[in-house]
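Below you'll find a set of structures to go through.
Shared chain: chain A. Partners: chain B in the first complex, chain C in the second.
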Partner chain A sequence: MKGTIEWQIATVTALRDETSEVKTLTLSLPNWTAHRPGQHYDVRLTATDGYSAQRSYSVASEPERTGEIDLTVERIGDGEVSPYLDDTVVVGDRFEVRGPIGGYFVWDRSIDGSLLLVAGGSGVVPLMAMLRHRASAGVGTPAALLYSARTYDQIIYGAELDMLRRSDGLRLTYTLTRAQPPGWKGYARRIDDAMLREVSANLGGEVLAYVCGPTALVEVVADGLERIGLPAERIRTERFGPSGT
Partner chain B sequence: MPQPFITRGFVGKRQDAGGAAGRIPPGQHLVKDFPVLSAGPTPRADLRTWTFRIEGLVKEPAQWSWDEFRELPAQDFTKDISCVTKWTKLDTHWRGVSVDVLLEHVDLDRSAAFVTAFSDGGYTTNIPLPELLNGQAFVAYEYDGKPLAPEHGGPARLVVPQLYFWKSAKWVRGLRLMERDQPGFWESLGYNNHGDPWKEERYSGD
Partner chain C sequence: MDELVLDGNAAAGALAEIYGDDMTTVLAECASCGRVDPIGGLVAFVHAPGIVLRCTACATVMIRIVQTPSRTRIDVRAKRIPPPPETAR
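Now for the complex of A and B:
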């Protein structure tokens, strides 16, 4: 029996706007332990009268960064915890977290084969932890990211992904489903089988796919990956719906 | 209980749960929709070859085809359900066959104490046998008056509403009776072996 994953009090040491609706919080942890990329932490907020709320957020940072983690949080309009984290929190604030949690939607350098990552919206967060770990650990695992966003402005980590594309051999593909900037030459439609076939072509090795995003996207992508020949046991999914507030 | 750590500036959205306040386990919040959580692609079962089995520590295994399963006496169930990812949904409406009815078709060995539910796609989950008995658990094939959708576990899923919902195996194809407890899929990957929402048994060691 493993020990209990205890609550600890995290201190916010940095805040960064990723998009108009998405913010990254850097948390310093007194009892930091290395996570596996893809894992999440639970956050617990407590009001003065003892009322409390909990939610789970994926770790965005790589485990090579010791003592702290990044959580990237999308503000859900009628949510309870995400508006607090995105709008109220300032550097120096403290709140309770526990983790890391989760043992299936994880990837690290010990896993062979090539990496096919498919993200919808803020579903890119746990996949970013995998890509940052891959870069930081200097492993040569072939990797492709297909990232579906509504608009160019809603792409999270755009500059860093572009850097990983140039310097780290990441095969990076965006599809912008709602609006595209002038002169956009990339995909401009919802993910389909043809797109999956194109982004995964000649990736090399045995492909392991991680798909994270809204339920509708994950259903389409997971089914599509099976149709283009990936066995179900090599497709790992994480879904979030409107309730992931 | 240690003193709770107050979060500066947090008020929270108090849900007007009314009489339901006592029905929301600790750390959970109410939802109106029905989120989907699965570890992999959604299996699509062929009802012509679908079977449901009771096996393991029984004198003779029992097996039903889809048509045979639909002939079994069914009941309507209205249950509150809680997912370890923090959502709780009240008064969900199901139709299916209680595990008690299924077990009437086998002679249980006296040593049977635990159950592994197994599913299309290889998913498994473990439950102590007593927690499946006396009307507590059922195999559902309708949700809200309609056939259970594949992403919610259709054609049939186990429903064990008093435990976190990962115990309610989607795409269930049978129950294996065992003498010893055998951790299932999530139970082997950091989640609690038992999963009682009222005790907040979310993760290993809770």
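Now for the complex of A and C:
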């Protein structure tokens, strides 16, 4: 980690729409270093008058992809930084980043046990880095993802998750809290203890849980996991900020 | 901007800037109730230009960080955490 926290200038090399409110930015980094899935970068935008704003964004890509990282950013309507990243940035733009940061909310192949991932909204981003790493490193760790989104259209990485479900043994469960497509057979409520019990049943081995998303969801899920018997030290959380999903 | 409630992990960049290394897996012991948590797992209250990290059990202030354009200052109240460099106090 030493030496990797210097600010560097990232160049945007690709942009991809994930949903109507979410975009993935591919950044090419002159001083790329391998991250551990779950880590984030700090992004700093500086205006010509010197005013600057700084926010954290999780790495979405796997460390096996060298020289560049993907950040996936949800647009917060009245936000300072996310609307800029989602609506104004074009390929070729440059801005400052530093990272990879954080050694706590991380998972990689060196960690034993099965994975229980719980995401709300854009909280799926660092968990996706873990799943992409798990797939590209070919680790057989049992893994389950419970993903809460408001509507079907707001699911990020839906097609890729479905592929991981079919080819990589990922146990994938969605709950759609606001509206469901016709014929929807999945969960349609906020995450509760019964749901956590169902998705974590028979996962096998010692379970390690990673919970990420809006602060309120993270707190409900972390408490719920303790209530259903997971020891607190096997639950890692990453709060992204306010807003309910 | 309202106060944001996040995890100690959200302060990882500022802490790395001060200590020159990742601090989120370092254990911190609450000076008032004795609870021990990795710094990355503490509760973070972010209110620019400051971040306050509190105990997960009793909410006692463990670490206080203030960032200005010219420097980052830290005030460590918890036990076990290595003392920050002179220049950041």
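Going forward, the second predicted complex is superposed on the first by the 237 of 245 C-alpha atoms of A that agree within 3 Å, B and C clash if a C-alpha of one lies under 4 Å from a C-alpha of the other, contacts with A are read in each partner's own complex, and residues count from 1 in each chain.
By definition in this document, contacts are C-beta pairs under 8 Å (C-beta built on N, C-alpha and C of every residue); 3 or more make two chains touch, one makes a residue touch a chain.
None of the values given here were measured: they were computed from a predicted structure.
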item: Touched partner set for A:84, first chain B, second chain C, both or neither; value: first
item: Chain touching more of chain A, residue-wise (chain B, chain C); value: B
item: Touching partner for A:185 - first (chain B), second (chain C), both, neither; value: neither
item: Chain B versus chain C as contact partner of A:9, first or second or both or neither; value: first
item: First (chain B), second (chain C), both or neither touched by A:48; value: first
item: Shared chain A surface residues [contacts with chain B and with chain C]; value: 1-2, 5, 52, 56, 101-105, 215, 236-237, 239-242
item: Of all residues in chain A, those that touch chain C in their complex; value: 1-2, 5, 40, 42, 52, 56, 98-99, 101-105, 215, 236-242
item: Interfacial residue positions of chain B with respect to chain A in the complex; value: 4-14, 27-29, 31, 33, 35-43, 85-87, 121-122, 151, 185-186, 188-190, 203-206
item: Contact footprint of chain B on chain A as seen in their complex; value: 1-5, 7, 9, 44-48, 50-56, 78-80, 84, 88-89, 93-96, 101-105, 215, 219, 222-223, 225-226, 232-233, 235-237, 239-245
item: Residues of chain C that touch chain A when the two form their complex; value: 2, 4-10, 12-13, 16-17, 20-22, 24-25, 38-41, 44, 69
